[in-house]
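Both of the next two complexes hold chain A, though its partner changes from chain B to chain C.
What follows is the complex of A and B.
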């Protein structure tokens, strides 16, 4: 019988939430073991993605000197509304975006996550990869006291376990923090492809002045066949990240295959020219929890806390997730440090974690957009109808037909009425405003 | 018992792509792994240690990044890992590599003579299978290649019985110790490392040996200088054009053979010789 392996804290998962938690606890002087099932932290993690630096600065103030593997700063961003053959683009470019360290960078997780995890290791955390946590260990009182893994002699003990397992929330369920799996209505499925392209070519196509410029575009409408969902197109250092995401329920109801939707999107006449000649390097699918504020799990139990995607901490509207995960991981870690100081690992004491998050943007934003998923669900034609409408209106507005402008305006108005009645539009807008204001 | 295992970190060739313009491997972005045969060699050594006690030492020559592969060996149960890394070792062919490894093993032997030295049968990035044999020759010890099983091992009587794969079957050899084996995967299935070993390995730092310390290597025999091999040209052979498939069940044996001979361009010769021996003329 080998000696029992004991630490001050166990972190499950090597994504942004887990690593932030491990880093903060290790810096706070706790002995921390972080367990990741992938070959290395980030091995299987994919996201869009745009990474927001404010959260990183919060846990690692000198991150810039540590040379994070960022792809490109986001110096131009905005939305494209696609109809089947056109695009209305609203892009924002600003000198403000050009100051580095910038507020947002494109990032490839297979590069970023290992770098971030290495910072936690440097702070003293012990990172064990290629190891899956299979269950939580509990004592007679029901307190979580450790975890079991898929390795021989695989049990580890600690008075506190932070679950940062991502969207597949098996352990969160086992901890009794959430009743069931996410219903398809509250989880989005996203497919992403990474296409490589020489930087010079990439810059020419996207109008970028050099490697210190990049674009992030979120795309609606025809990209998802007009169904609620979004697509994205982001520039990396020497490649493009492109993907589409929709609620799992939409894929099921409309019998769509995610890869077909992406292939169709890539073939859109406005999109295709940007991709031509690029080479596919990476392809993958990932879920995004969109259960919203009201269906989040409890964040703490006896001896356990949950952070990041596992807790549903995603702001889908602003494609934010990694920053929420990092701030939550940090908040959980601070609570763990306090718990060690007090010697109290009860759910009652750990509830301070939730209070901290309620005071931060993490749960404030979650609360504000609590009805967003339901709004899109109850207004299924929203994206398609308006994207087409805007494109058709733009076409009339920008084309010289040799007809008086007054009739052109009337034509646009009647277009609107054909597609959606004025009261319908007013109603949609009202609902949208409500959903946005929380 | 002291076992020394020499391993190599290689690009995961199942993930490798060839640059169509230059014909060379694109190594960028290709994950590095421990050479698949080598991990079985480590496992075989660890099993001997479990049976007889002692130590397993793992060595590799490679870039600093190769430390990852050594740490994986510590996970699997090795006790000590040595990374031979120095720019001066760079560009080595199999001759220079076998010199460096043999010289390092001699230094280790001075501390605790090895009873057995193990290599994988070949590295998947070069497939030469020359380094293990090269080391055996330099150390002047018996060599058994393509080993698939260690039937018996007696560190006291200093003998072992080893099975090796040959084309016709299996050869069973008795050898004195120390012996050098290059192994197939069958030598020992790799077991999943226990969590405590993973923890030991995560904290483990391999020893780093340079070209000068703690052992001095002969500068003329290492790296590019010590490597007479010249790579003339590397290229991807043009894929062979697919052959025709003739189904015997459809057309009968004779027609199938005739068709095959025709495709190979020898049917006419055969016909005329058959005809000649039968005394008939061919149209």
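What follows is the complex of A and C.
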């Protein structure tokens, strides 16, 4: 056979899962080619975005010396429950968050992902951008032995392919690791705007002492029209990341335009003052796989493993994803290293990748929250009902009416009963608890 | 599509939704348009003609889909931000969906 392009391993995708895999394999001594369809790693990537450093430390213990392009540490975080004209806020701010490096930073992905990919390149991985993988190549036994790309003579061969293609899981399906496409009830559509604002102004508005403080707020209720979903407001170095996400099915069934929902949220009387005078720099959209533990693809086949969004590795409740992706990429890479040592690339051998993840927080958390999406889907009014209720109750509680407090308490109770019976509430809470306990 | 029956939206909430021109949002985006090849398209226009709610006109975050005066669906693939919603949510799976060729399509500056 004429000199075909061969490596020890191929990684499809330049996001966190793919880069973690490429980095760990390159450090382990394998020849690695990482293929990214964008003009640079991260060109297609967007998230809220809070990034958790524990996963980065796991693959790059000296990451802090390498000056990652973080925006702001998250030193205050919490939840806002919106009704159409009010907000009830539960925020947590602590000196404990001020240690450096912090546990969480806001990040802009078109800045962060190229930096992360450069660390893998430094470790010896070959990063090829502007190249779309079009299909997997298989041998007669059905083992994945490489990929075809949209470059002329673009076949590349390796005994192991790690798919980190993201939520649009075309290759994962072609590999036969997942039977059918994700239904719109198990995928969230999120839209986001990045708004620029001078750091001093930003810090004054959000009560931040300087560039080493930042806020991450997750917002429920009226932000998503009371439908299952969340909105977010995060501070970046010189700007704000603001967005709203709901199950795709909600947009379909209610014929909602995502950008209208975002604009409505930005115009909420509690939100608007924070944004005043800011400039819109970028708009984007992304799907989030929320199929949960029970609908994940198989994680390994003959000659192939899948990691990150492509495998549905998201914990929506805690807005985690990139950290799961990095840990999974690393676990897949370690399995690839062991496979090379043994010369065994069968699905049976590669199944140790899944065993490693089952032992880590990645699949433990996914298992615990396996019913979360179903809970929200089966209780569509949950967020709206309770966010409104809490705000109405707070208004009664904080207002002096000249009526006895005992009457005020009774009013609050009857507010509750007007909207949801006690058995209804008990049932909602029981379902929520079940969804949280796994 | 779903086992759940969707309650209609509260009319007050419906009325509170603004009508945003998405062009004002995507004007900030950097695209490298593949002039020779569209990465998304309609498989069968007849199916779209029969599709009554045409949800793609609403849910696509870049408003890529529009109806022309002959009732055909037009696909402005140039504005696509490659999220994949239409691939998944078209009720008839009638969207031909590929990734753009390498280097083409949207390129986020912030992300």
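Assume the second predicted complex is superposed on the first by the 436 of 438 C-alpha atoms of A that agree within 3 Å, B and C clash if a C-alpha of one lies under 4 Å from a C-alpha of the other, contacts with A are read in each partner's own complex, and residues count from 1 in each chain.
Everything that follows uses one rule, which is that a residue touches a chain if its C-beta (ideal position, glycine included) is under 8 Å from a C-beta of that chain, and two chains touch if they have at least 3 such contacts.
From a predicted model like this one, the values you see are computed outputs, not experimental measurements.
Of the two partner chains placed by the overlay, neither chain B nor chain C lies in contact with A:396. After overlaying the two complexes on the shared chain, residue contacts for A:46 are found with chain C alone; chain B is out of touch. In the superposed pair of complexes, A:131 makes contact with chain B and with chain C alike.
Once the two complexes are laid over each other on the shared chain, residue contacts for A:205 go to neither chain B nor chain C. Once the two complexes are laid over each other on the shared chain, residue contacts for A:5 go to chain B alone; chain C is not touched. Contacts of A:149 after superposition: both chain B and chain C are touched.
Look at A:419: by the touch rule set out above, it reaches neither chain B nor chain C. Within the superposed three-chain arrangement, the count of touched residues of chain A is higher for C, of the candidates chain B and chain C. In the superposition on the C-alpha atoms of chain A, the part of chain A touched by chain B in one complex and by chain C in the other spans residues 39, 130-131, 149-151, 281. Per the touch definition, chain A reaches chain B in the complex via residues 2, 5, 33, 39, 126-128, 130-131, 149-156, 281. By the touch rule above, chain B contacts chain A in their complex via residues 29, 31, 191-196, 198-199, 202-203.
Listed in rising order, the residues of chain A touching chain C in the complex are 37-40, 42-47, 84, 108-113, 129-132, 149-151, 167-168, 170, 181-185, 187, 189, 191, 193-194, 225-226, 239, 248-249, 251-264, 267, 280-287, 377-378, 380-381.
By the touch criterion stated above, chain C contacts chain A in their complex at residues 1-2, 4, 6-10, 12-13, 16-20, 22, 25-26, 28-29, 32, 53, 55, 58-59, 61-63, 81-85, 87-89, 91, 93, 97, 99-103, 105-111.
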